[in-house]
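Below you'll find a set of structures to go through.
Both complexes shown next keep chain A, but they swap its partner, so chain B is in the first and chain C is in the second.
Here is the complex of A and B:
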């Protein structure tokens, strides 16, 4: 039987397991702590909430273009892909194993709203442990690449984790931020941020915006094959994890807040970046958008 | 949460040799189904965990219909329900059986 059709499978629509199967070389995936082990949340029954056999994350090892990789895929449709105790423990365990196993890369298919509120202490701890573990994996010389294009986007602690990866690929449907639209509106009011204005959400947190300001390093079509191509490129291109890289990252972020800190909308940022027609960005297809990115200095950097 | 378990006898084992399959996601109106070939070839067990209480008779009917159609002998089926409608449950069960036949 032929493998899954990765050219046609929509990343946004696919489940975590479908993404993972289509992304890797066919038949190469070996799952750790699979659903048959029933490592489910010990907390959700207290709230009378249903559990998932894999607690919403699939972890294991496989091959990408013949090279060994460790991989984790969050299921954004189960509790918004949120981090609970078991969910987080599986990701941290995978990362710590990668320090020993030294694969060619670790891929994290992020699809998360952040921490699962029903087990928030464990979830917050998992976020912190994940960031620490990513630093250790990178220090061991293994690139960690985040792939973001799912229904839940990448928010809360997931946004922090994304910031610690070596490289990020994002699609139009992907969004990356820490505080999500509804959180900002709840705390600061609709005048500050109208979460129902979907175009505004995408202009300020969406894949194109993140790519233009260098927050993400590749922009993908919404297909598994596009993410696979991006992952291979980004693994080859991952920066060293040394003091020079971290100094460059600090300088990049400082310059970014100086240049764009007063901007009220993505379009204002894009205008300052030198994009000729900022209003045209949301409607651009991938080819035209990539040409635009190529003319923006900030989109390509050695930092992270 | 309500837990339901149904046991049936089948006239034949489920075709194929795949030992395990999983399909679906625990989300609103959806469910996940884990199938494991671990029982005697004429036995099937279906265990359900659902947050929607009081629908035991509907589950019983959907499961009985599935067993009659698919004859999934030898398979233990475990379900985490997210509030799926009976038609969705029936389709997922048949999808799971098909995955095991591959």
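Here is the complex of A and C:
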């Protein structure tokens, strides 16, 4: 292939376009409303901020192992991948099209701090529209798979979108939460959350913690090929969007709070999950970590 | 209006709606059936337990299969901001609540939001914004983030932001601005009985998600609908073209 080697391309370091090009079958991607159309934010000039021709998200269609997929990739390096009006409209349009178009899957490469504050009301509403559209796509029988391992993580409303997807793949660098570390620290103080303690951030909202408790369904190396393999597996194994699934999710999340509600730290949760050496988890490579996950009952479920 | 006033206006014959730890649940007689009510009262932050409690009520309603309407009454804080909530997967719990409401809607339960106080951020998305149609009462105060916090993040002086907020609904907190973006469908009249107003909203439920169209019409979100349609048409045309 002419593009970057997907086995070596770091998901964390790559741009949204690099991820997407290397993830899909070579040359199969066709963008919708691409940068040449210059649909930029109408609001950022008010704040004297630079704009991007694609408003920080790339959307379109392509093929994954020969199957048609719709795909969106957020660019975490532009405004932290946050949802503005145009950015959100592109994702919503793609999802709405999937209800009729019925691709084999919709892939969302989440890399976002949440709502873009300069366009806060538009971003917040777009997140709500995105979640409604994901529910409709899933109900139409199309899996929606989120892939999370970028610089900006997956915070705020992005975390809620992640929880709405059929399946999630995450890497070590991927973080999923609603309130980010800085937000908690700003509002509740450094005693509640020291945002500079990177190890604490990972133990609380990092990829391994999310995978162990069942908050994500696959753990990936930081390569595009690892995410590609995970996406293919997850597409083939996506839960339906129905009462049985949500009943099961209700039971799963209730049980989690009952079992781990008193825990102060990720390592305490992992110990209760039966991980032999919780302190060793952060340093585990993917193979050893996957073996650990395989012994944890909570990590495998159809309840999302 | 207070929650008690709202409930009295909705259910003149009485009701069985209660509030515990800031969470609203229950039902009352409505039209020829019943109206279920869930929600958050008293500017309460929504954490993992609260989200699951509310979702449980919604799933019970779906299981009952009576297609009774569900009112989501909201006067909340933002999501509960804590290390524990995030450790336990608050994103999953809030998304689960939103999904329960979206499922109820799909299964024939009209879902109506009623914003009568504050709401913000993740709590707003998981409750009021996950309904088919969101109404508000005068005095409601939705926000994504308050202006002093926006000033801190954007590094713009607060007085400049306050000046900008007067002409630009897209970033500033407040009911008028959320109405302009299309997130809030309508503002109800607190001086008239609420039951008929809610009934009328249910009778005219939008078939599709109309929030971006409303935002375009009202000028609060000038381009979102056109952007979404451009993308959808481009993608659909491609599929048709093979």
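Keep this in mind: the second predicted complex is superposed on the first by the 302 of 304 C-alpha atoms of A that agree within 3 Å, B and C clash if a C-alpha of one lies under 4 Å from a C-alpha of the other, contacts with A are read in each partner's own complex, and residues count from 1 in each chain.
The rule we apply is simple: a residue touches a chain if its C-beta (ideal position, glycine included) is under 8 Å from a C-beta of that chain, and two chains touch if they have at least 3 such contacts.
Model, not experiment: these values are computed from the prediction.
J.: By residue count, is chain A touched more by chain B or by chain C?
T.: Here the partner covering more residues of chain A is C.
J.: With the two structures laid over each other on chain A, which partner does A:50 touch: chain B (first), chain C (second), both, or neither?
T.: The first partner, chain B, only.
J.: Contact-wise, after the overlay, does A:272 reach chain B, chain C, both or neither (first, second, both, neither)?
T.: The answer is neither, since A:272 touches no partner chain.
J.: Looking at the overlay, what does A:36 touch: chain B (first), chain C (second), both, or neither?
T.: Touch partner of A:36: chain B, not chain C.
J.: Given the touch rule stated above, what does A:301 touch, chain B (first), chain C (second), both, or neither?
T.: neither
J.: Pick one for A:243: touches chain B only (first), chain C only (second), both, or neither.
T.: A:243 sits against chain C, while chain B stays out of touch.
J.: Residues of chain A that sit at the chain B interface in one complex and at the chain C interface in the other, please.
T.: No residue sits in both footprints.
J.: Any idea which chain B residues touch chain A in the complex?
T.: 1, 20, 22, 25-27, 30, 32, 34, 36, 49-51, 78, 80-82, 102
J.: Given the complex with chain C, which residues does chain A contribute to the contact?
T.: My answer: residues 30, 32-33, 39, 42-43, 46-47, 59-61, 68, 70, 85-86, 88-90, 92-94, 96-98, 100-101, 115, 117-129, 131-133, 135, 139, 156-157, 159-164, 176-179, 183-184, 186-188, 192-193, 204-205, 209-210, 213, 215, 241-243, 246-247, 249-250, 253-254, 256-257, 260-261, 263-266, 269, 304.
J.: With touch defined as at the start, can you tell me which chain A residues reach chain B in the complex?
T.: 1, 15, 17, 34-36, 38, 45, 48-53, 75, 77-78
J.: State the interface residues of chain C toward chain A in the complex, per the touch definition above.
T.: 48-49, 52, 55-56, 59, 62-63, 79, 81-96, 98-100, 102-103, 106-107, 121-122, 124-126, 129-130, 143-145, 149-150, 152-154, 156, 164, 168-173, 177-178, 180-183, 209, 211-212, 215, 220-232, 234-236, 238-239
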